[in-house]
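Written out below as structure tokens is the structure these notes cover.
We call the chains A, B, C and D, going by the order they appear; numbering starts again at 1 in every chain.
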Amino acid sequence: MTNADFRQLWLCFGQAAAQNKEELNRLDAAIGDADHGTNMDRGMQKVAEQLTSCPPPTLQATCKMVAMTLLSTVGGASGALWGSGLLAASKVFPDMDSCDDKTLAAALQTFVSSIQQRGKAVAGDKTMLDVFLPATAELSQEVDHAPAASVIPPIAAEAKQWAEATAPLLAKRGRAAYLGARSIGHIDPGATSSALWWDCLGRVMGSSK
Amino acid sequence: MTNADFRQLWLCFGQAAAQNKEELNRLDAAIGDADHGTNMDRGMQKVAEQLTSCPPPTLQATCKMVAMTLLSTVGGASGALWGSGLLAASKVFPDMDSCDDKTLAAALQTFVSSIQQRGKAVAGDKTMLDVFLPATAELSQEVDHAPAASVIPPIAAEAKQWAEATAPLLAKRGRAAYLGARSIGHIDPGATSSALWWDCLGRVMGSSK
Amino acid sequence: MKKIMNSPDTLVAEAVEGLVISFPQYLKQVPGTHVLTRVHSKPAGRVGIVSGGGSGHEPAHAGYVGYGMLDAAVAGEVFTSPTPDQILEGIKAANHGAGVLMVVKNYTGDVMNFDIARELAEAQGIHTATVVVNDDVAVENSSFTTGRRGIAGTIFVHKIAGALAEQGASLAEVEAAANNVIAHVRSMGLALEPCTVPEAGAPTFTLADDEIEMGVGIHGEPGIERQKIRPAHELAAALLEKISGDLPLKSGDHLACIVNGLGATPLLELAGLAREVSLWTQNHGMTLDIVWTGEFMTSLEMAGASLTLLPLDESLTGLLQAPCDTPALRQGVAHD
Amino acid sequence: MKKIMNSPDTLVAEAVEGLVISFPQYLKQVPGTHVLTRVHSKPAGRVGIVSGGGSGHEPAHAGYVGYGMLDAAVAGEVFTSPTPDQILEGIKAANHGAGVLMVVKNYTGDVMNFDIARELAEAQGIHTATVVVNDDVAVENSSFTTGRRGIAGTIFVHKIAGALAEQGASLAEVEAAANNVIAHVRSMGLALEPCTVPEAGAPTFTLADDEIEMGVGIHGEPGIERQKIRPAHELAAALLEKISGDLPLKSGDHLACIVNGLGATPLLELAGLAREVSLWTQNHGMTLDIVWTGEFMTSLEMAGASLTLLPLDESLTGLLQAPCDTPALRQGVAHD
């Protein structure tokens, strides 16, 4: 992945956050506090601004900038998770203009582990991890056999279904957990925004094939 | 008028207040604070209780008891006006079981003057006086020529129209005055309850003919 | 209508008991009444101060009973003036031999019931004086009508009269000071949502999603004009311009302000409104020396706010800042 | 949605300024942040206390900054945990060389953001400790999930930790006392009407005219169960039984209680609810030594209330009654 692609990924995600802000708030209203769209959009608009006004020169710098920006503008659960996850991932990305596929997979793996560590959630807890865990697991497995550019788009295509598959789950972490059984039947907002992120990654990787 | 008739008048008015409570509140909601029915009903239920449990022996005693009860249970503008008006009127009623028609007319006249003094309202200010002023004026005039029992029922029959005629008026006294021009187009709640009182007086006097 | 209550009939009586339970160090109930008086009463020879009115304006009026403010508060039914016999009990409880000032808001019912009570008190040999607060500039002042309403500016009257009475001023002095405040304090309110009188059960009016009522009082009644909702700075300017024009205010004036929530409006919004008042006064060359932001005189769960301004001189500033210790307003905590 | 505001984006920033304008004798803003600290800071060598969370809970948390309670409050966006950099500024402002206690309510976002801030503070050599309040018995406690939420019981933690810190206790002592309160304080709330998050613009849920939500938190989220509205004494009993069973309470216990309004519920109703708490505790042989009735930890303009109980011993009683001087809670006024 190149730094330009990486930047493109975040600009794409910024647009997705803006377009889906109301929908994410609506999902969060059902099982949380109606702010997930607002939170992600607030952070991503700031990220897009920074990426446009002074784009960081390397993958590591870009990742770190995104991390720090989200950490200081999003707040809430998603701010802490995306922020500290990306901060950890930035240490895996090289301080260069591009990285190979395995490094990309490793960085994403680190992102996920860091989120698991910070938030203590496991698969099936009805969180953003229910998209990120299967996606990164597939990526890590397949990246040994095929280029990321062809591996990622099909994974990205699955992400929306993984997000939707959180609907029947009982929330165990995050605000939705307080609802107990009443959390069942609603799609997790964080999983939904994560699927939007994977959709962007799929587009960026697909078009750079 | 006999003390028994007078008692009957208040029992009738108590029933009317209960039956029209919501309607009077509704009228008061439009140009006041939505409590005129509640206020009158609260006072009149207490009056009815007293009239039943220990009926005062004379006209004066009955009138004074009603005055004191309304004064101590109604509150608001109507409590002060009905209460102090009746307290003044009780001094005109004899401490006996009955009075002649002129005394009745004089007592009602005193009731009205006392209300004018306490509340400073004049005819056309969109208050209870817009029923009581014309009604007592007609009564005082006609009682010289005919018995109250035949004079009062037609006056009572007019009372409802006087109440309704407050609708186009601009309120100058009471809570409705704060609305200025917005008070126009609504019937005054105090005039409406006053018409109910005259309706009761009409029935009682008519049936004692 | 949903309320946390047992029944509309018992609501006020139970709330009066509940206030004593909540503030036992401040309030005690005159048995058999809805009158609340100080637990630690004033020394003999000091002027007593009584206020009151309908319920539904909490913390007014019982919330201001205590050191530096009121001696007794009389609560009527919701939005209904208390009856003369109850007011008389309040006067008796507040009387420490130097006379009693009654602070009445200008509503026909309040004025008349306090008048009757005053006649009763004077007949019992208690010296009384009445001041009538009419701070609401939404309503035209006119001697041919009821005149203006009394709303949140009443709290400044309580505070200033209360501080003076605590210092040992005579009834005439306390009355004159209260009338001086009344002559200069001005308020105006607006509602975003109506309230529901428990006994009536339905909202006192209805507003569309983009409508507000300008110039509302504190009894759930509609205001003087229905308008479209606008940004906070425009709402603040509309209220302040009306108040300022009425007084009138001028550049260089020092002011005290009450940013008063009517019930449902959160402190978050009231704080934002306080900021608009501050900006507006700055822009007009005035200085905001004292700002009280919170719920002081409410209208049940009405959403909205009122603004109150009082031009200050040194003496008023001192009296407003004097210590007080009541359920709703406390100033002058001693630090170690 | 109608709110007195200029725009949802600027609401919190403007409210933070408005709080300083409203309480200038108490609060100052750390420039460029939503952190409010004491105007008169603690002497060196005393433990600092920081609290915070999303906005929309006013007077929490800035309302408790002042003598005897907090040293700094950090405000996030509405119902959104503040970010670590802002929390770090709060910690720095509260640090007077004896370490800083962070009082965090148990929400994933708050816990994680305060954790990150704590890592940053420790990296800068500031000694910190964190306590996590989880008083809401509506939610099952379980180590496999997020566990219970922190709600109004947090105010007792502020008061007790604050009083101890003011007395010069060490960070370990203040932390232990706070954890002792947390181990025993329990709360539960109910909503009659939802609230509207300004950025979202629509109510967080809808209720029929006879429905309530039992077990709501303070972020507008639905509760654990939808029920029919019932008389106040039944509502109080439902909350108190759940709290009492969880602790458990027993006859002879002495208690402190917070009757907390969630936003739109008038003091009239809260006072009635306080009376129900008093009757219930009496009927169960318990003694209610301290009752705080009012709005302490709100959820914007939600209608409803929460009850909080804390079993008392002499030391806790003393700390709860110790003087404090903050925008929202003042105790210990000196009388002449």
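By definition in this document, contacts are C-beta pairs under 8 Å (C-beta built on N, C-alpha and C of every residue); 3 or more make two chains touch, one makes a residue touch a chain.
None of these values were measured; they are calculated from a predicted model.
Participant: Steps needed, at minimum, to get from chain A to chain D via touching chains?
Facilitator: Between chain A and chain D, the shortest chain-hopping route counts 1.
Participant: So what's the Cα centroid distance for chain A and chain B, whole Å?
Facilitator: For chain A versus chain B, the centre distance works out to 74 Å.
Participant: Could you state the distance in Å from the CA-based centre of chain C to that of chain D?
Facilitator: Chain centres of chain C and chain D, defined by C-alpha means, are spaced 28 Å apart.
Participant: Averaging over Cα atoms per chain, report the distance between chain B and chain D in Å.
Facilitator: 54
Participant: Going through chain A residue by residue, note those that touch at least 2 other chains and give them in order.
Facilitator: none
Participant: What positions in chain C touch 2 or more of the other chains?
Facilitator: Counting only residues that touch two or more other chains, chain C contributes 78.
Participant: Draw the chains as dots and join the ones that touch; what shape do you get: line, ring, star, complete or other?
Facilitator: Shape = line; chains linked end to end, path left open.
Participant: So which chains actually touch one another? I want all the pairs, not just one.
Facilitator: A-D, B-C, C-D
Participant: Taking the touch rule as given, give the residues of chain B at its contact with chain C in the complex, in rising order.
Facilitator: 25, 29, 31-35, 38-39, 42, 71-81, 83-84, 118-119, 172-175, 177-180, 182
Participant: Considering only the defined contacts, which chain D positions touch chain C in the complex?
Facilitator: By the definition above, chain D touches chain C via 1-7, 11-12, 14-19, 21-24, 55-56, 58-59, 63, 67, 78, 166, 192-193, 207, 209-210, 212, 229, 231-233, 235, 259, 263-275, 277-278, 288, 291-293, 295, 298, 300-301, 303-305, 323-325, 330-336.
Participant: Flag every residue of chain D that touches chain A in the complex, lowest number first.
Facilitator: 54, 76-86, 107-109, 112-113, 115-116, 136, 138-140, 144-146, 149, 197, 199-200, 202, 204-205, 217, 219-222, 224
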